């Protein structure tokens, strides 16, 4: 074990954990004032529920052993339940830092992934249903997909698709689930009729700043060491975010006449999403291309919800699903041997495409079923009156802002 | 000296320092809009005053040498005053990182401890009295207690009580002081008669997010190395926070019908407090038990201020005093050899209980006297008119929010 | 390469990057509600534009080779353009961590420097003009000055002036540019006639907290290692910030009768600025003196804009220019051999003074010309109606706060 | 001329404004308000303390109209704002002695 | 019917509302306002610049009542809001021609 | 007595208040409002969705005056608020039956 690598992974874990509050504010600023606490809560609760499940069984099912199906590893086993046998060594993963740090680092990814979904169902989903949903979703969707890609499962081991820090596991996974869940949930009252504006863009901008900051742990930590690969992932992350943000506001300027603050930070997040699978496989110029593509394509993808008439309230599909797919595919073309040992090729692109299809299909399908069942069992949508008067008061008996007392 | 350990302790110092702004916002969101700046200021000023005192004499009195009383070390000496002889080595502490990093790391604990007290005296204490109070309190209360537990004093060396990251030194210490100070200060005008609501829960939620993030430095850094012990402390911290937050909102759901956002973050902080003394001595499952207990017990402890009719405005007693005691005692039972070299036992529990009683009694008693003397000398309570119109304008000539210009 | 040093520099890069959002909020809280998004945007956009330019040519021109003029190195070359040859080694800089980490760390300084300028031109400058301005300014001002001081250029190599973390390169540079730009831009409508108040001091206080936190990466990372020198820089940073903040509010108390929250955080930033060039060259007590001087002198320097009647909206001159000069000069006196290998002397003071004059003159002069040209070409000032109704709506078609929907 | 004041539910504002526009009203002013009335309030809970808050958020709109348009305005507000549940709000009609358009100095009905 | 407007100190709102409730008033509407009057304002200081701000935060309440209840309402507000210090505020009484309850369409006194 | 209501542009408030003070007015109350009228609104754009927002921020001031001062007050507001562009706002004059100063209990003109 090496103290420097350990230090960096500890720090990366803290950074990624901090992204969930960042995401909460990124989303929270975009909803109406009457729903801001409900939005924050839907994110923060993932830090509670997912942690408990991860320690009890999630980590084990993802990273301990393999259960095979037709020769392919599809899930881990229960040997590590409760993390009882983790100890203080690095025997389990053989990484240059302790196993408990690796479990912690991975936990932070397991937390933010379901939290990402919450943007799609903003301002109308019941809190209890949400809490139950993410518990089930973590175990039935996140854990298997993470196992397939990073835990020795068939996407990583057999298809040999690349996913540096979570294009498949985090962004496509969350984006596909968001789409399925919002289809079951239906649009907000007043969708496309009323003006539904962000109540506090400064909160959104703050959240984006925290996300950007935390993403260095997300991608930089995914090198699993404090070395030049981490440095490269760090740098490509910055370049992609910067380029995507800039591209987005330039596109906005052309199309709407004005660059917007929300556009800049949305572009930044799109760039961060798209570089996630690729961060360790491309160099700074490759990252710039990915960022450019992310800024333009995700900006364009905002129209999908108009074209297909679904209420993806905070654009999880346009940013995370589209951005995640984009990055996963572009990496198949832009990967350079010198950075991560892989070169872009048609064959790699094919493997990437296959993995994208699998992750999307699995996440969309299973999430749809979970949502339908939950809706039948407990109802997942808040009452219309509660939605109108606002979820903060209706679901949490709290007022977000009381300015004149 | 080792660069990896140094990197982690530098980072931990930054993280813990960042907790004080986090705490400021955690508290600041809970007061009324007319008092938010005064609340932020009472926290931030600790970063000023305590730093100066620490460099001049505090660090020396805590960590340099011992002055004994009846054979027990009760305080350090002045040899390190002004940190003049600290140099660039690690000779003084013999830790695997430079002495100046250790002094800095410890300083961040000395800053946040008095800041914690400010929640109890919110919305009514004079600023100048507060600034003088924390200066005196740091030297007469924080420094001795920290010396007793961590600086070679009798609690650590003779009673051999365990306190991984500040159950005694930080939380019980601050909680007992909060109780004493609020007794001298009296309740806010309108306590239990008017509706006194948080003015901006999003700020509180943000502050909680920063606290949670920073706490990884608090507990993780207290391993004094970037190793598996740090990793374990990091993980137990996360588990306890998550479990306590979840337990709190479940309890709330049962008792009040709705889980609240403020409940979730309060529970998280309670869990973080309770795990603080134990983080390096228990494993993930032990942490889960401590978190569960913290969530339920601290939630219940909110009633103390109703039962005994004292105005602990932001519940420092229920969260920090009760949580700190809980964690210090449970560690006596749940400690596992494998994690920190100590096993739970009746005997350890006894030592923990004794240390709790001493820390509580000393902090409560001395704080009470300081408060009484200060009140006689300069008056510690703001004028009733200032309290009514709000401390921001009255004490600082500032307006917190000016939205329509 | 050393994993510990790498870990610390990775982390420092993240911390410094996070300072730009921090600065955005520090500034954003101080403007009126109708201009907050425009202010945030002027800061965030630096994270976009400067990153792209840095990767393409900025890093190369600053740190790769030298182009000499009369024997003095005045700029680098284009050999490193696009960072194509950076690879995964540390060959280029020979530092104990990868070259890509060093490029990234330096990038974060290149980003925040132009962002600092935005405080001077708040509430009236066009966004597009600003974006173009920082692009040009980065290449024509930041890059050369950084090369002169840190990239092998004549200030570092020939004058042998000291600048630990950016007194010349960052603060004097930005402060002088701010002065030049605001002279071209002119004062806000209503300057010195209307009451122009901060719209949300909590945002400013939050931004200051983030800045303080990030500054540990700024100064601590500038030791280019996780060692005792980093530890010392970290500690002196804390001491200077604390002392300056405390000194500022005491001065305020004497002169205006009340200490203010804005005063405390302004003092902290002034202290952080002043210690920046000196952090590695003085010890804790030297830092205390620098902090004391910064708190008092920068507080006094607020009057400059009244005396000379210029609208430095958020006091970039008083804090960054004056603070930067102060620190650069005091370091010439207070430097101690034991900390950074240099002792204060008249001769060192002379070298410092010369470097200050050069940095100021160059930045002021070139910025003035850039501003004049830009103004002639595209107009840099928003239309009067836009300024009156607020830049958020006029330039970005966004509303900052929508509280009642 | 009349000043017609209505206390309405915030989420009806857009619809009512559009309906009034169609009914020929040339302007109105809306203000955020807190209303107390028959409509019951709500409970808020902070760290175990339950508060009954009996003020609910309302929007108060006011429209200056000439006498002939007044009944139409009242009817329009009534029919657009009515949901039939408690809290739909009230309309009050006040006499106005004069109206002045600042820009032009026009007075009386011309100023509307 | 009358419309009774009162400008009061914000921290008296709860008490006044409770008193009015007891006095038989069935509803009221409160709005945050800034008042300028004899009550002196305050100084604000930002980075050394001192500003005299002469607008103070007030709450403006308005109550629609029938003519018989009007005097009681005025008395109640007067006695509950009075502290005797400058800034206690003012009450104005305006004539109202009609009141309509939106939910039921009732008019006049019945609508109150 | 009259209640004079004016809907004005927010950035004119300070000037108008100062002018009214000079004109002999002893107090006024200002409220933030959203106005809809001839003045066109603005476009807001959030992630590609363009909204036409036709409510613009206004300040609504109200001044209680005795009958003799009323014309001066109207003139003062008119001349100070006028810029000649659409959106300068409107003034309305309402009859007031009584005014009470809470602090002293004075009534009518004495209460102003």
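Observations on the structure shown:
Read from first to last, the chains carry the letters A, B, C, D, E and F; within each, the first residue is number 1.
Heads up, the rule we're going with is that contacts are C-beta pairs under 8 Å (C-beta built on N, C-alpha and C of every residue); 3 or more make two chains touch, one makes a residue touch a chain.
In this text, all values refer to a predicted model and were calculated from it rather than measured experimentally.
Common neighbours of subunit A and subunit F (chains touching each): B, C, D, E. Across the two candidate interfaces, A-D and B-F, the one carrying more C-beta contacts is A-D. Of all residue numbers used where subunit B meets subunit C, under half belong to both copies. The two sides are thus made of different residues. Rounded to whole angstrom, the centroid-to-centroid distance between subunit E and subunit F, based on C-alpha atoms, equals 18 Å. Between subunit B and subunit E the centroid-to-centroid distance comes to 44 Å (mean Cα coordinates, whole Å). Measuring from the averaged C-alpha position of subunit B to that of subunit D gives a distance of 50 Å. Residues of subunit E in contact with at least two other chains: 31-32, 44-46, 50, 53, 94-95. Touching of two or more other chains is recorded for residues 2-5, 7-8, 11, 195, 197-198, 200, 206, 256, 258, 260, 262, 397-399, 401, 403-405 of subunit B.
Viewed as a contact network, the protein chains are fully connected, with every chain touching every other. Interface residues of subunit A facing subunit F in the complex, by the touch rule stated above, are 195, 197-198, 252, 255-256, 258, 260, 262-263, 266, 299, 302-303, 315. Those residues of subunit E that touch subunit A in the shared complex are 10, 32, 57, 59.
Considering their complex, residues 403-405 of subunit A touch subunit E. By the touch rule above, subunit C contacts subunit F in their complex via residues 194-195, 388, 393, 397-399. Interface residues of subunit E facing subunit F in the complex, by the touch rule stated above, are 2, 5-8, 31-38, 55, 58, 60, 74, 77-78, 81-95.
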